[in-house]
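Quick one: this structure, given as structure tokens, is what I'll be asking you about.
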Amino acid sequence: MKRNRIIANHGSSFVVILCILLFWQASTQIFTIPTWLLPAPTVILTEAVAGWPNYQHHLISTTKLALLGLFIGVSVGLLVAIVLHLLPKVKRAVYPLLILSQNIPIIVLAPLLVIWFGFGVMPKVIVITLVCFFPIVVATLDGLRQTNPELMHYMRMIGASKQQIFLKLEFLHALPAIFSGLKISGTYSVMGAVISEWLGANQGIGVYMTLAQSSFRTDRVFVAIVYIMILCMILFVIIQTLEKTWLKGREKGRMEHE
Amino acid sequence: EGINQTEGMESVSIVLDWTPNTNHTGLYVAEAKGYFEEEGLDVDIILPGESGADQFVASGQADFGISSQQAVTEARIQDIPLVSVAAIIQNNTSGFASPVDKGISSPADYANRTYGGYGAPIESAFLGALMEEENASVDDVEIMNIGNTDFFTAFERDVDFIWIYYGWTGIEAEVRGIELKVQYLNEYSEELDYHTPVITTNERMIKDKSEVIKRFLSAVSKGYQDAITKPEESASLLLDAVPDLDADLVHASQVWLADKYQADAEQWGIQSETVWNNFANWMLNNDLLDEELDIQEAFTNDYLPQ
Amino acid sequence: MSELTVSNIAKSFAKQLVLDDITFTINDGEFVSLLGPSGSGKSTLFHLIGGMYRPDRGAFFLDGKEITGKRGVISYMPQSPSLFPWRNVLSNVILGAEIHRKVDKDKAREMLKKAGLANYENAYPHELSGGMRQRVAFVRALLSPQDFICLDEPFSALDEFTRLDMQTWLLDIWEKNRKSVLFITHSIEEALYLSDRIIVLSSNPAKIKREFDLPFQRPREQSLLLSKDFFEWKRKIYQELEQLKVNS
Amino acid sequence: MKRNRIIANHGSSFVVILCILLFWQASTQIFTIPTWLLPAPTVILTEAVAGWPNYQHHLISTTKLALLGLFIGVSVGLLVAIVLHLLPKVKRAVYPLLILSQNIPIIVLAPLLVIWFGFGVMPKVIVITLVCFFPIVVATLDGLRQTNPELMHYMRMIGASKQQIFLKLEFLHALPAIFSGLKISGTYSVMGAVISEWLGANQGIGVYMTLAQSSFRTDRVFVAIVYIMILCMILFVIIQTLEKTWLKGREKGRMEHE
Amino acid sequence: MSELTVSNIAKSFAKQLVLDDITFTINDGEFVSLLGPSGSGKSTLFHLIGGMYRPDRGAFFLDGKEITGKRGVISYMPQSPSLFPWRNVLSNVILGAEIHRKVDKDKAREMLKKAGLANYENAYPHELSGGMRQRVAFVRALLSPQDFICLDEPFSALDEFTRLDMQTWLLDIWEKNRKSVLFITHSIEEALYLSDRIIVLSSNPAKIKREFDLPFQRPREQSLLLSKDFFEWKRKIYQELEQLKVNS
């Protein structure tokens, strides 16, 4: 059942991707684009299959890193958003700092993080967290701000506490917005993990990719990208499924009216 | 800190300057053949990421690093406690390269051509130094910043010549069958024949753990000896450690580099005061340094095996 | 016990004065209706009692204690149903009780049955008709634990028979536990049938035009609606309201 | 008037930033952290003042680039979101591609862009666009999807065309969400511009920063970061002001109920 | 000209049959009221006429042309006001006309004045009372250009006098341009005062219980409301509805 639905939902995008791949394959052959510049999909596939044992561990390492980072980033993001929402004065003071945090170039932060936290997993998680938490914070804060005023009015009239208003109304009302932020964060988490490997790692797709790049193996670079993309798509689909499950009642409500 | 008591082994770390390549072969050979172990060292080779090794080494986060004479010189001027303890390759193997069909055979031909660089002032100083030898002026060169764009890509677009390390990029061109013309820096100017790359450590290591430095360099030195005498085997060891590298490139590069590591020096790793002086003065004269370098602090041969 | 005193309340929005010096008292266990033209300020008065915003002047007292600007002391049914779209009917009606941690699901189910919504416990608000939503909001107010109930046009979207059922049911509940009720309606008949007292508000700004003490006996039978006495009172109040219109 | 309001709004964050700076200054002095590792704020300020003529042109160049990229990124993002919203079938096919587009590491894209577009402004704008358009697309699509069903019902009943429904209802209803995305994009645009300069630029804060980094002038690196941050804050404040102006009526609506 | 034929309409939600074989015709220029219990399916019938969703069986015809599932052929006032929060009153009332590109702002202003909202042109919906919002939605429906008007409980939130004003005004407009009107209400009096014909719906599922042709002359005076004839009719329809209740 479920698999059929997934195919029905994503079938058309498979078709589009297939078309792109065909077009790509054709162009590389017609214009004889050299492999070092843009390898043909078949070349990438061959290398992906042949090199599997070599990068398997890279893949696992990056996946773990991305998931850990996303989890922490989302938790921190939600927490920050909620705290800021409940304490408007703190929000006004701290919000600009959040924006600033997004503008510290990682190459500058990297040495400091390594110096403070060593070459372990800690500084990498910090980098991913930094990348992931911002979309969650912005989306959640905006979602919380836009609660239905009529329902808010009712809650206030009957004397709901700030906490109750938050839990029973604002948070649930903001859920769609939160998921919107989550989708953005989830998408960034994998790239965040790859970037975080620049902080010095001995394995990971990022490492594999820079190695491939510096030894001019463009086909391997593309194998790395393909895996990054697949990883990212899986994450996205998981988030979307979660969204559909959680917001089921509401979606149905809307559908009926269509 | 850093001492692994249980096995009586001392842990040390070394941060590379770039992704692993044939400049680092000696390290991997020493690791693979147990030279480090013989010295009681447990060595952790760390890939650096974008920002290089120097800050990690200087801050003591890592014990050793790979750098270049130029970087150490600039770092010392900024009071960064970085010390070069061995030259991995005696001479400067870099040069300005262009495909043959660009028709560039000497620095005089740079005039009215486009140079692709990364925008550092030192590049135009190098160009100027070479061109002056032939009474040409660097002002006639179109200098274009190509950022991280790689060598082969750059030539596809407007760029005529680029600064490369022959041992890696030049060899890759050979592997691909692209014929290059290269004007090596050290062919035109003695001042530019500096050591690159070099192994660095920090002042704290020198003060507190000079023994460790000695043991480390002794092992590394054996590693590079092997790389000099048995390039094919060493290349294979490097590939075993870093299988993601391209095998053809590594082997070819290793063979090319074998006699460059030590070159005409009396021993691998030896650094020459003249070389350090020449280059620092050249930089100073070209306004690339704010003050004079104290050579004695910048490098030492004291820890190389006797 | 719950006795509400509204004392010299005034409130304006922007430059417009909406309520001007409103003073009245609702005794413990009394059922009072508020009549007045559309837009006169009845709902605004509710919001003020409920503490949504503060009056410009005046104060409210519940059992002698000042409650001006204090929230949660009244049980409240807003003019628009204000149901939570992600809660089904059952969890919507217990919301008021939930806030004060006094949920009784069985009672809620029983109430829903009385309101003719027995089969709709698990329905979501968007699946209900307008009148059904209003009844859900009504049940929610009844299930709230406070002793003072404010109902803002609770039966406006109901047909005459459902309405009569609800009115009778409300009277029934009220007789049993005698909470004080303040009731906004536009139906004179409804006000007469239910209340002990009717307060007529004028408009622009709202002042208390007149108060009527109703002499009808309790408990009230539906037959009251057809009595001559009732008809007389209806005419009386109708005229009072008509005057308002002529004046404005 | 207006200035006073800005101070009132942002005063508390100035205080927080000031505290952080003081703490930073104190730590560098107490722990005698060397300048090359983490320069004290005063050192950064001195360099910022002294070096002004040196990097002024870098600043202007990056600002222009960021603005151009943000403008194009936002336009493209809005356009894509709107088209996808109006054509649900296309949406289903193309949406996954958008996510994939966020997972092409710039270092891989760079050579292709350079070959196709040279070293001019074009490939840089493409990079910034790629960074900026995604948050806009996700936020806009989610905003458009969550239109008030009651108003939608009315519009359908009276026979409003798809276009009218979009213009008069969905778009206006999605505006808060769009601004939420715009804030995220705006924040990223400056970093996007800095990153895009890796594709080869003769001037720009990114160039200035990498040169400073490679010659161990950490103070200058931090001057660059400070300017990136200031630039970013200005952009953010502009977007927030726009939001406040456009959504004035609604905000007021909500305020009244508080 | 606009004559609506409702032919054998059936509609169910999930398993629940809501409308069962509804058939009637509204002649050109006729004013027909729909009475029925809360939740019987009156609003649903409107949604079907308006083309929001398709009936399970049956069809609608306007002037002989099938309009089943076609949108935009009727001017419509929904049961809840559904005003656009970012539009002020004036731009809310012209929305229906705007969609069909027939905006007349002066007419809109005049209409608002008649609805007692002269000073509220620039107010936003959240600044209005419940009854005022309803009047805005009413004016919006009147300003829409279609020849067939569907009004869903348009005056439920109004006090008796404002309501009478609106009713009289509606009759006035209707006399002038004789659009066909289908009118949902819970007030028997209102239905009697306004309509040519009253259709009574049963509930669960809704069927047509009975149709009444009213004999009152046009134009109607307010004095009609006090006439004996009117009272008789009221009782008759009351009894009809009462039967519905007993049966269910």
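Residue numbering begins at 1 within each chain, and the chains themselves are lettered A, B, C, D and E in the order written.
In the analysis below, contacts are C-beta pairs under 8 Å (C-beta built on N, C-alpha and C of every residue); 3 or more make two chains touch, one makes a residue touch a chain.
Just so it is clear, the model here is predicted, and its values are computed rather than measured.
Farthest from chain E, judged by the mean position of CA atoms in each chain, is B. Centroid distances built from C-alpha atoms place B farthest away from chain C. Averaged C-alpha coordinates give centres for chain C and chain D that are 51 Å from one another. Averaged C-alpha coordinates give centres for chain B and chain D that are 38 Å from one another. Once the centre of each chain is set as its mean CA position, chain B and chain E turn out to be 86 Å apart. Those residues of chain C in touch with two or more other chains are numbered 52, 80, 126-127. Each of residues 37, 107, 111, 115, 149, 153, 210, 213, 253, 257 in chain A touches at least two other chains. Under the contact definition stated at the top, the residues of chain B that touch 2 or more other chains are 51, 55, 59, 150, 153, 156.
Across the complex, chain D meets chain A through its residues 9-10, 12-13, 15-17, 20, 37-38, 89, 92-97, 99-100, 102-105, 107-108, 111-112, 115, 134-135, 138-139, 142, 146, 149, 152-153, 176-177, 179-180, 183-184, 187-188, 190-191, 194, 209-210, 213, 221-222, 225, 228-229, 232-233, 236, 253-254, 257. Of all residues in chain E, those touching chain C in their complex are 13, 35-41, 43-44, 79-80, 116, 127-132, 135, 152-153, 156-163, 186-188, 238, 241-242, 244-245. On the chain B side of its complex with chain A, the touching residues are 13, 15, 18-21, 45-51, 55-56, 59, 61, 150, 152-153, 156, 172, 176, 242-246, 249-250.
Interface residues of chain C facing chain A in the complex, by the touch rule stated above, are 47, 50-52, 71-76, 78, 80, 82, 84-86, 88, 95-96, 98-100, 124, 126-127, 144.
Listing the residues of chain A that touch chain C in their complex gives 150-151, 153-161, 164, 168-169, 172, 249-250, 252-253, 256-257.
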